[in-house]
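This report concerns only the one structure given below.
Chain nomenclature is as follows: A, B, C, D, E and F, assigned in order of appearance, with residue numbering initiated at 1 for each chain independently.
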């Protein structure tokens, strides 16, 4: 639309979605006492209203002024993550979490493996997952 | 401390606390199909990071400048509500929710019945419970 | 579900939705100078990410533990308000705002007139509309 | 602007402002031990980023679509409250708090006495003061 | 003020400002059908309450304990960005957006070009622009 | 718990805590006029409700699914930072701020020096300190 000699700028875009899920932390290789000692009250069934922030990095398309249509990103996140995790038990119901302890750390890495192949190469830049207003994790694919 | 002829002002004070809990909505008098039809995905085990706002109404004590010490209110909420609901399954673990469908509406009324007798007569004014940033309920004891 | 002698409790439930809209404040009965004097920079086209909180008051249904299914309330708000106001020009595009100066005050009253007839008698209790984190209006139907 | 037979609707408008202030709680009629026992760590100098929400109630002016211009309300709050309390020591620097223990309760009542006479009769409806995200007080002039 | 042998620490400071603006997305090289297909409801006039976070990186000045006075940074942002974009139509009124599709991506890059020359070399580190609580973009000048 | 050939993922975890403190900015090497000129109203005693976000970087432990137990991180922050700064005068009461101008920049660097030695080598990744919703600083230990 405008005449710019420079190559297009590289911008990060972020979409935020939420899901409500139950989970508990329990390592099946351990007995109850050890699980209780390591995980404390996290060993009991409880839940969170999770917030997931998905950040994609790319150059601005000069025709649309966008890196990626945020509505497309929203739809992708909902299809691959939210439809599976919202109103679910993260210990039992979510295919991409099978066999995983559903800690915030493991969830965020599993979400990365869900989303990265569906985006163009190198596009997924950062995931941030909030369990509560005080606790969050970030993952950059490393 | 100051010389005021008027009677002390009446002020509302509010303390906010959070708890993380699992729940599901299921009426045991109904079959699965009806539960699924009425409660939709709420019939599945899931969870929330709940926020509870407790509001107490009273006159300012001229000696302390306070209606009630907010630390005492905080300790009361933690002892009667948070210690029982945080990292719990609201369908099974909480004594004051036994036999109740743990909807936000029923939870907020049950919290009122826990807190009101522990406060002076007429002091508890309002409870507000947030299940998520978009959904909340309020109860005034009526 | 439980045996309660008392009549069901009366609870307020609130659903929050957002919409992004353009508007400007201009009274067609006035000349430009007077519009500029009264409305200042609000006389120029600008916009807001509005947040609308809809509060319904009712008794808890003993079978469902709910006043009203929050998903039904959400769908009603989206159909009657958000689908018409989101990504719209409030001075031109919204049927229920025709002939109105789209101030926050007039918008909140117009939303009430949209929503109240679609809910049971006396159910709509409060609307709160946020134009920004610092400015909001409330309406109770009076 | 529009032809409405009914009398104008009554709406509440709220403006939010913040101020950063130091304070400590100490009753000069008491010795140190009693102050420490009653006020705990609040007896020590500390501070808060306070948020004040000022709510005015009135009928919508049919010509402007407003109860009160929110910019005028903002300017009034800044002149009567924020200019005096922001970056101030609430125990020493604020004229309208002289001789008061600067608890949240006393501050909110003192703010009411500052603001109410400057607004039309019966217009000031509610003040809410937040000391932190977890603690707040409300006053309705009673 | 203190005796430190090490060189001063490098810190990032961030100032947040908001502006309310109208915009629509339309590429003048395309016909209506294509604009509608690409931009959907963003092709219609609407608006947002934008939040801009400006982050500057620098060493702490040992005399002031500051990287840059946050009030000076605030004044700079207001003069170069907010005074031009607040209560404006981003498609027509803003000099530094002329000839640009006002997507969040293009706005954040244009803001960078406004701010970077006014700050010392290499000082501007990051801009983050929020269109809504769910959508944001970041730019690092690359 | 699961069979993964790859080395464990590296994740950032963040814990947020708050403290309420008084401070004033004054360089003792300067006279009052110069302090007033440089620091403006920050030269007067005032205070903030500070928010501190502590981010630790590490590999996920395959047995616990965690980088570090967030409760341990919370306890460490409370013991080393919050117990000393909450309800304190940052100019006088805090051992790790002695001889420092308590600007946000200097506080965040001092917090780093408190926390880094108590964590494993290279674990502390980022500190972010908010003085208000509009002003914040970040430090990465450089």
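Here, a residue touches a chain if its C-beta (ideal position, glycine included) is under 8 Å from a C-beta of that chain, and two chains touch if they have at least 3 such contacts.
What you are looking at is a predicted structure, and each value in this text was computed from that prediction instead of being measured.
Any chain bridging chain C and chain F, meaning touching each of them, is among D, E; the list is complete.
Ranked by distance of CA centroids from chain D, the top chain is A.
Distance from the chain A centre to the chain F centre is 26 Å, each centre being the mean of its Cα atoms.
Work out the mean CA point of chain A and of chain C, and you get 32 Å between them.
Residues of chain E found to touch two or more other chains are 133.
By the definition given earlier, chain contacts exist for A-B, A-E, A-F, B-C, B-D, C-D, C-E, D-F, E-F.
Across the complex, chain A meets chain E through its residues 1-2, 9-17, 55, 60, 63-67, 70-71, 74. Taken in their complex, chain E has these residues touching chain C: 18, 20-23, 41-42, 44-49, 86-89, 92-93, 131-133. Interface residues of chain B, counted against chain C in their complex, comprise 25, 27-29, 38-40, 99-106, 108-109, 133-140, 142.
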